[in-house]
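Chain naming follows the written order as A, B, C and D, and within any one chain the residues start at number 1.
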Amino acid sequence: MPFVVKLGWSLVGVVAAIAYGLTIGGLIRKVMARIQGRIGPPVWQPFIDLGKVIFQRTATQHGVMFYLAPIFRAGGGMGLYLLVPVIIGVPALENFSFNGDLLLVMYFIFFGSLGMALGAAEAGHPHAPIGISRGLSQMTAYELPFALAMVALAAQVHSFSIREIVIAQQGSVLHWNLFANPLAAAAAFLAFLGMNMYSPFNIVGAPQEIPVGPPTEYNSKFLSLMMSGRAILAVAKIVLFMDLFLGGAHSLLEVFAKTLVIYFWSVFVGAVFPRFRTEQSIRFFLGWPTVAGLAGVLLVLVR
Amino acid sequence: MTTEVVELNRWVQIWFGPQHPGITGNMSVQAWLEGDTFAGGVTHVGYLHRGFEKLMERRKFIQSFPIVCRICVPEPDTNEYLLAAALEDLSGLDTEVPERGAWMRTLVMEMSRLQMNLMTLGGHVGSMALGTAPNWLIALRDLILDRFEELTGARVYHMFITYGGVRRDLPAGFAERMEENLRTIEKKLPLVDNVIFDSSVFRKRAVGVGVVPEEWVDEMSLSGPIVRAMGLPRDLRKDFPYLKYPELDFEVVTAHGSDIYARAWVRRREISQSIDLIRQILGRMPEGPYCAKLPNMLTWTIPPGQTYVRAEATRGEMGYYVVTDGSDKMRRVHVRGPSYVHGVALLERMLPGTNIADLAPLMVSFQVCPPEIER
Amino acid sequence: MTEILDQIRQRFGAEWQHVQRPDLLQIGVDAKKVVPLLTWLKEHTPFVQLTHLSAVDWIEEGQFQLTYLLTDPTAHVSLMVCARIDRDAAEAESVSALWPQAVTYEQEINEMFGIRFPGSPRQGVPFILEGWDDIPPMRRDFDTVAYMNTRHPPRPGRKHTDPRAYVGQVFGERGFLHDD
Amino acid sequence: MATTTKKKLPVFEPPAGSLAHAPLGQGCFLGETERLQAPKLKEALATIKNWFRANSLWVMAYGTGCGAIELRPLVTSRFDFERFGMAMRPTSRQSNVLIISGYLAVKSLKRVIRAYEQMPSPKWVVGLGSCTINGGMYWDSYNTINRLDLYLPVDMYIAGCMPRPEALLAGFGDLMQRIKRGEANGWHHYLENFDWYKANQKKVITDWNMPDYNW
């Protein structure tokens, strides 16, 4: 398939990923409402919110970095999505995956937060710097078990290519890394809780402490950009985890099923737990998840 | 809302409130942050000042009852009872309150205590971003509000207790419906315990946080769950017996640790206690009149005098200081709300060294109620 | 429990005393004796808690009354100490050294009545009001209706009814809100 | 915010066909005016925009008075207002609806004005209870305002002391209908009669120590 066609397909995939992420957001609000005994908003509520926010206009003036931050965030999400193959074997849906893309993916996951850190400094509201400092410190904490899990997988298949990892898991369900290397999977999925910023790890937003963290001053177009960036980042992350641990997918239906399972794992955890303090969350990630990641690496090396 | 970096670039001055989801009600805490902990803070109130005491000096006694219930929004009945008790104490009417009226007052007080505790227990974890338990608990609270509506005609501001007794009689079949609601609440409470008190994260957040030293109790005249969470069995229902509490069978709830967890646990056990008390009251409700024969409220004057009556609100000691001068209006009313000490002096004294994440749980565990600080 | 009143009368002299309830004793002392009396009570008697501090405006006598309510948390008895001060030179000694939360009471009394407590912190710091430009509102000679009519005019068309006539025609002669 | 109120830059010019002049002069922005006659396409666009706005009302989480106690049952399980697309937003920059829940003390009127002017347009004010209409039972209180509409443009009054959650739901339903019809234009009225509102506000708030318009 020529590059231009592939690029076009990938851009279509980006738009579809944003829509899928927003739908997942609506599903989450619905499910959380059901858990809390409420009826909940319609599933398409995030689309309405997005449209409303786009039709707003801002009257505030900050710095350039303030306006660039949501672009960084959305860009990080899109770059991450463009690197992760959705379905191996369908050229339209395996994006620009190349050997060693795992390293770049690990960078892109944290790219958005770094962009927010640049922008939050210009928000002028103290909640934004406080929130972003919390976010970055928590990020460095859960990056460690996540990176260890990635290293374990890479050492397992002797390649840093997501494609290789997915191909190595084919054949049987037991070949999935979820079962082939359960320790690395445990480390990665615990880090996934921190990535998704759901309770008990939602210390960045924290409406009861620093409402609402870095996006405090954002409204209108910039907020809509952040919403879509968050959506596509979530989709890219769950697709990545599906590729790494659940053996990829062969059909879109399988993609939806596996990604929803992965995502709602963090939602259900968040439904029943209060929020950690910052240092408690850091201690958590540097505790058992890191140990599990190290053990996963050792398991691969001694095997 | 305004923000600036204080000199030395060491402390960040940050305002919590008045528009802040973590602040209980419409008040603000001006705090100085050092890293993640507070170096100190000042409480600012007055956003809800309505001048109750000035207004009550202009109104007749009966006209004051619709006003006093606004003093604490979530728990108005304590104020109504206290004003009635103060006026009865000054006018010698307190001996004429009929039995059934006193029992119904006790019933209303316990119902309001129950709904307030349900809401506050939800706020304990709601301030830690667990939205599930508050939703359940406030839905349970609405059952009690329905009974209030049936009994008094209003959900929140009841204006039910007047001097001489209460305003209306018990509706027929009230006890059965209340019993049904109490059973519903008791059925749900284990779920709530499972989410709140069995949660390891809540233990990590609450145990050992916001410990109030025992020396401060007499020094600052603390009261309520803050004291009971230290293990001191201080409850005005036992210490200064009023209404029908001496005839009821209940133990003062205490806990140990004097931290947020202990206070939440005290509230949780007081919910069960209130449920039990409501059952006792409804079982022993006597027949008879529910209000004494009263003088004409338009020409009623009270001889000069001054008194101080107190009752155990959910948050601590609520007291009314009433001065009359022989006219048909009050000379002076002063409302001593528990939050007056807990929300200003105690909170400012607790702030240094508190983590920024613990301010909201701390305020909820003190049950700071701004309207009764500034009236 | 009245022997504490006798001791106070011997030591400090009492203008008047009254037993309102078995658990509420009232005594009136000279304003200069208040702080020594409260100190003695806090140090040598079980009345250790300052439950409440308030002021009353007796404008006819041209006096303010300060009311301190002390509580014995073990015997569950309260003692109300009342003292009159001059209304024109409204100044009283501060008890914030004895009880820290008295700072708040004195701050509010200073704002609401204009009584000065020298030595107490936060005197003159606005506590409840903001940008208040009239006489202290809790004084009896402050007319809240006149102030309100000039500052926040009511919506036109509001009907005022005389309560006597209105309640009489609605609820009958006894004029009370229940039916029996 | 204090740091952002320093610089007031013209953000957008009023769109063509909208109001003739910018009442605030430099730095003022008027949202597109559904009220004024506009070409068909613009009307259709306005209808679409109003539909989006009406179906996702973000309420600012600021309980200014006792009415806030009935907002808790409103947002929680029994009367769940999220099913109508409404949600509580803790920051004024991301909220559209400002609920004045009951009486308003002068000290909190100041904060409310700041918060209202920081909200991005379009924005609506909902006054709860009789206190916001005519002072209610605090009509003779020296510290509470009697008429909210002297200081803020009120789009919807919900009567009662305090309004029950059902009444709040009904009121918000009416507000949604008015927004869809393009009638709830309180923020236009605020900017058109800006001087009048400011005069009223400064008459009450004696120590005015903030800029005339808080961006």
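Observations, loosely collected:
We adopt the following convention: contacts are C-beta pairs under 8 Å (C-beta built on N, C-alpha and C of every residue); 3 or more make two chains touch, one makes a residue touch a chain.
In this text, all values refer to a predicted model and were calculated from it rather than measured experimentally.
Here B-C and C-D are compared, and the pair linked by more C-beta contacts is B-C. For the pair subunit B and subunit C, the distance between mean C-alpha positions equals 22 Å.
Centre-to-centre separation of subunit C and subunit D, using mean CA positions: 40 Å.
Subunit A and subunit B have CA centres that are 44 Å apart. Per-chain Cα centroids separate subunit B from subunit D by 32 Å.
Within subunit D, residues 1-3, 61, 76-77, 90, 107, 140-144 each touch two or more of the remaining chains.
Multi-chain contact residues of subunit C, defined as those touching 2 or more other chains: 128-130, 137, 142, 144-145. The set of subunit B residues touching two or more other chains comprises 3, 20-21, 46, 49, 51, 54-55, 58, 135-136, 139. Pairs of chains meeting the touch criterion: A-B, A-D, B-C, B-D, C-D. By the touch criterion given at the top, residues 1-4, 18-21, 25-26, 46-51, 54-55, 58, 66-67, 70, 73-74, 119, 134-136, 138-139, 141-142, 145, 155-157, 371 of subunit B touch subunit D in their complex.
The touching residues of subunit B, counted against subunit A in their complex, run 3, 12, 14, 20-22, 33, 36, 125-132, 135-136, 139, 195, 199, 201-202, 204-205, 355-360. Contacts from subunit D toward subunit B in the complex involve residues 1-3, 60-66, 68-70, 72-73, 76-78, 88, 90, 92, 103, 105, 107-108, 111, 114-115, 137-138, 140-144, 161-162, 164. Residues of subunit B touching subunit C in their complex: 45-46, 49, 51, 53-55, 57-58, 60, 62-63, 89, 162, 167-168, 217-221, 234, 239-240, 289, 291, 294, 296-298, 305-308, 310, 317, 319, 321, 323, 331-332, 334, 336, 340-341, 344-346, 349, 374.
Contact residues of subunit A toward subunit D in the complex are 29, 33, 36-42, 45, 48-49, 51-52, 55-62, 124-125, 207, 211-212, 215-220, 223.
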